[in-house]
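Comments concern the structure below.
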Amino acid sequence: MQDNCLLQMRGIEKNFPGVRALGGVDFTLRKGEIHALMGENGAGKSTLIKILTGVYQMDGGEISLEGNKVSIRSPQDAQMKGISTVYQEITLCPNLTVAENMYIGREDSAWVKHKEYEKRAGAILDSLGIPARSSQQLGDCSLAVQQMVAIARAVDMKCKVLILDEPTSSLDDKEVNMLFDLMKDLKSQGVGIIFVTHFLEQVYEVSDRITVLRNGELVGEYLTEELPQVELVAKMIGKELDELSALSESEDKDHEAGEVFYEAKNLSSSDALPFDFSIRKGEVNGFTGLLGSGRSESVRAIFGADKVSGGTIKIKGDPVKITKPIDAMKNGIGYLAEDRKRDGIIAELSVRENIILALQVMNGFFKPIRRSEAEAFADEYIKVLNIKTASRETPVGSLSGGNQQKVILARWLLTHPDYLILDEPTRGIDVGTKLEIQKLVLKLAEEGVSVTFISSEVEEMLRTCSRLIVMRDRHIVGELKGKDLNQAQVMKTIAGGES
Amino acid sequence: MKNQTKKVFSGGLGQLTIPLVAIALLVIFNLFRDPSFFSIGIMHNNDGNIVLSGNLISIINGASELAILAMGMTLVTAACGGQDISVGAAAAIAGSVFVKILKSMPSITGGTVVLAFISACIVAMLFGTFNGTLVAVFKIQPMIATLILYTCGRSIAYWINGGATPTVSSPIISGIGSFIPGIPIPTPVLIVVLAAILFRLLFHFTSLELFTQSVGINGSAARLNGINSTFIKLLSFIILGICVAIAGTIGVSRLGLINHETLLLDVEMDTILAVAIGGNNLGGGKFKIGGSILGAYVIQMLTITLYAMKVSSTDVKAYKAIVIILLVVIGSPVVKARVSKLMSQLRTAKAENLTKGAQ
Amino acid sequence: MKKNTNVQREPLTDTQLLMTITICIFIGMYLLAMLFLGGGFLHAQQIFDMLNDNASLIIVTFGLTIVMIGGGIDISVGAVTSLVVMSCVLYLNNGGNLFVSVLLALGIGLAFGVVQGFLISYLEIQPFIVTLAGMFFARGMTTILSVNPQKVDHEGFARLRDSKIEIPWLGYVAKNGNLVPARIELGVIVALLCLVFIFILLKYLRLGRDFYAMGGNQMSALMLGINVKRTRFLSYLISGLLSGISGYVFMMHTGAGNATNAAGMEMNAIASSIIGGTLLTGGVGNVIGSFFGTMTLTTIKKIVVSSGLNDPWWQSITTGGMLCFFILLQSVVLGQRAKKKSA
């Protein structure tokens, strides 16, 4: 057992100004295993990974690789020692070719051997079945393919330790399966894989062992087969999940009685094909489908986030024009965007400024909200939504993911919308907050707010929505409600008739 | 408790640390060099007015154009994440228009001066709109976009007055450029104060500050929250245009003539420097107008100190460069981190010594 | 032969596309000038004159191009050129050695590159501010060295300055019937050598490719294991070194030092780089493009003069117009491409 050990981290400590990110965490990786690293946001997973890859320097503890004590000074150093990482965000250079991206930073010659690289890269891409040409500019490939290239690079580096940090969040099911096959293949070659993800099912599908972190401390290391999913979640959030199951039996979600609030006919945008859609007052519905099925693009069209190219829209029966976000906001629509970092938070501004932003925009340029009023709003929502922040003046970028999401929710709630679109509000945040958000959605609906809820976890949508619109290949292929609202039926509709 | 006050202190000072430290250093340096540097005298100027004089006055007076431009530049920097390098050329154009209109009038009265100033403003705002359109609509980097006007701006100014350098002399013009009879403080200083107040009011009565910062920090999120970022960016360039017109008018009034070649020459570099010394990130986002104003005074104080040390005006640049580098090195995050690490090491070493001593 | 089955022609990269546009416009412009203005444009010497006059600008543009590809900016290049000229002139006039004067030029350039590169890469200070200070320092030092223009009266240097390469068959017959051979100054050869070296550096050397990677996405470059700090440092170092070379070439062309030498050269170099298809955002650009960028800029000035618009302000207005045209063209072309890509 001992000589099987590939990587050992002992008593790793890391402090940031005012925060103890890791307090003496142990982690062990064995040869030929897929080891899932689990924890809520802020548990210290990314810090641990960044120490292992040389992005951060640890403040205490030691790392040994195959029994030898090592210090990892930089990402380059990590690569040379056989530790490769594939991040969720593409960390390749879009202006270089695929081949250059695969060999950059690890050549032994001072010359760039274009021909040789392209030949070798081509062979690897072929063997992994990645649909890209080695001489192609990386920026011309789709995001999923770019991710695959990053993995191909790591594979080609004959790494001993492969770290996959949320690798599946931009891949569709087919690509995920391809990735898993690849992971199993590498595992059989003796590579140790550290797998970080928010998707519990994926953990159970491929991993051999699970290490759970919470609040910068080690909770424990478990064999995957011996740890039931519910227990895993309990260990991650540190509380029992009674509430979650209670929620699933939530009472009557049928709000058919309400009048139609929003209605679109043949709505289309630069990114979405024409579709019809309507929502009633107090109704919660959802768009579902695989990534790239057009679900996000459709709701973006409703909000006018992309260039709207056609269609007629009625609000409470009156025709209106919504071509840009401000039009939608003036008509009582709010939109929480899918990508929190890119489209949501204004990282360096305070919690207060982030909360009042949308209301301020609606009030107009010449009617600034008074400071005292803004502070009152901020305090109110920090309390109502239980936002964990040092003060209302803390820059929102320094909060954890879940709390950032709550700040954006507060921003839209403050505008008192009639219709709120939530695109993946629960992505990348901890289980506890997920639950709070789902409860909030149901509460809003009770108060008469219409909500469109999108989540990549079907379970969540089944719990909250009374109607599900299913999309495939950028078209609406079905609408499920009542007794059809169950996992099997949803999966069947998403996959299409033949499955 | 002590910790808390410290936090408040560093939080309140934060961005203004560099300019304040710089001013403090310059003051201390001058106190040691020659305390009379700070003496403020009262004298009669050529027109027989009682006015204040002395190095401090010439610092505050001389930095006026720079301070006004720095205010506008701060907005552009915050919204667009880049700088306008055409402000000097644009000021030459505005100054030329100002003189051209005055010259075309039968006499120089209060009314015609206002008319001339408004014309200069309109022209400067038009050029600001040109720059702003390139940046906001065509998404061109500000420095590149304004390189166009930088290249040909002074030639346009040349063309406005047919290559001549006409003079304008009138008590009103000298009132703008130097002193208003009865007021001992130089008029440009009063104009800076007025401009600062106007900016304060602008931020108080509009959401410009919040919107500009939002656009500068995260343009995509700002757009999805309904902010028209094109408008905000354009507006920042137009406001800078007004600042340019004011600076050009002051510059012309000081000399009583327009020289398109030399009016506010190289001021764009000093302006950007003032914004940076003021602790503003040249990459956009959060900003403090006050910092930039202080930055302008730092630059002018440095220049006047060097003059007082008998450094010739052409050589000043070299010394200025050294001080600037020292300032930014002190302010650089890497150096700060190193120093604070060193300090904490020293402190723990000291504490260890103390405990040892106790034993 | 089954050679071409797998070889697919890749679409032009942004760099190639922008460069191609510049070259086409340059050739088109020059042909039009030949057709409508005739005169000097019909002689090969016209091109050589443009090269002779602008060899040092071409060299600093190369340095700037490298820095801009890496996502930075260096506005000290013109001032450093000027300082190098003045230093070398004074050194030679005080009985200096010709060979040492070359080393002096390289040394000054290198020193600026090292200091600026260190401040920008290792102390993480904004490049604009650092090189602005560098520009101030170099300009100030130039006037401290001498406010008055200085002419070189060094024998060896005079020989070097006057040595030109003559190509008789590219010459033309002057009005008095004598054959005037085409003349190329040594500085042009230096510039062309720089072109070849930097082309190889950017295309075939690891360092050059690292410049592109750093400019394309700095965070990625770091994650991919590139020593970003060192790479950035080297980009400024090369730019400094090229400024030194440019200074010497400038002196070989004018034979004199003047405090106002190379005034505004940094902005001309930036304009040339942009016209040549280098993006200030980094990651896109090419020295061949920059070479043609400089030539395009020079040609437009020549055309203005040949058209009888002798006032210097016509030149700067047309230069501004030209820049505006190129900047808008690039913005539109790249915008169209991005749209096509996402579709």
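As written, the chains take the letters A, B and C, and residue 1 is the first residue of each chain.
Definition applied: a contact is a pair of C-beta atoms (placed from the backbone, for glycine too) under 8 Å apart; a residue touches a chain by one contact, two chains touch by 3 or more.
From a predicted model like this one, the values you see are computed outputs, not experimental measurements.
**Q** Using mean Cα positions as chain centres, tell me which chain lies farthest from chain B.
**A** Farthest by centroid: A.
**Q** Among the chain pairs here, which one is joined by the most contacts?
**A** B-C
**Q** How big is the gap, in whole Å, between where the Cα atoms of chain A centre and where those of chain C centre?
**A** Roughly 46 Å separates the two chain centres.
**Q** Report the inter-centroid distance (CA atoms only) between chain B and chain C in whole Å.
**A** About 32 Å separates the centre of chain B from that of chain C.
**Q** Using the touch definition from the top, list the residues of chain C that touch chain B in their complex.
**A** These residues of chain C touch chain B: 73, 119, 122-126, 128-130, 132-137, 139-141, 143-144, 147, 259, 267, 270-271, 274, 280-281, 311-314, 316-317, 319-321, 323-324, 327-328, 331-332, 335.
**Q** Contact residues on chain A for chain C in the complex?
**A** Those in contact with chain C are residues 55, 74-76, 79-80, 85, 87, 90-96, 100-101, 104-107, 109-112, 114, 133, 135-137, 139-140.
**Q** What does chain B use to touch chain A in their complex?
**A** 204-208, 210-211, 213-214, 217-218, 220-228, 285-286
**Q** Can you tell me which positions in chain A touch chain B when the two form their complex?
**A** Contact set of chain A toward chain B: 303, 305, 324-326, 329, 335, 337, 342-349, 353, 356-358, 360-368, 411.
**Q** Please name which positions on chain C make contact with chain A in the complex.
**A** That would be residues 8, 10-11, 13-15, 203-210, 212-213, 215-217, 219-227, 283-284, 341 of chain C.
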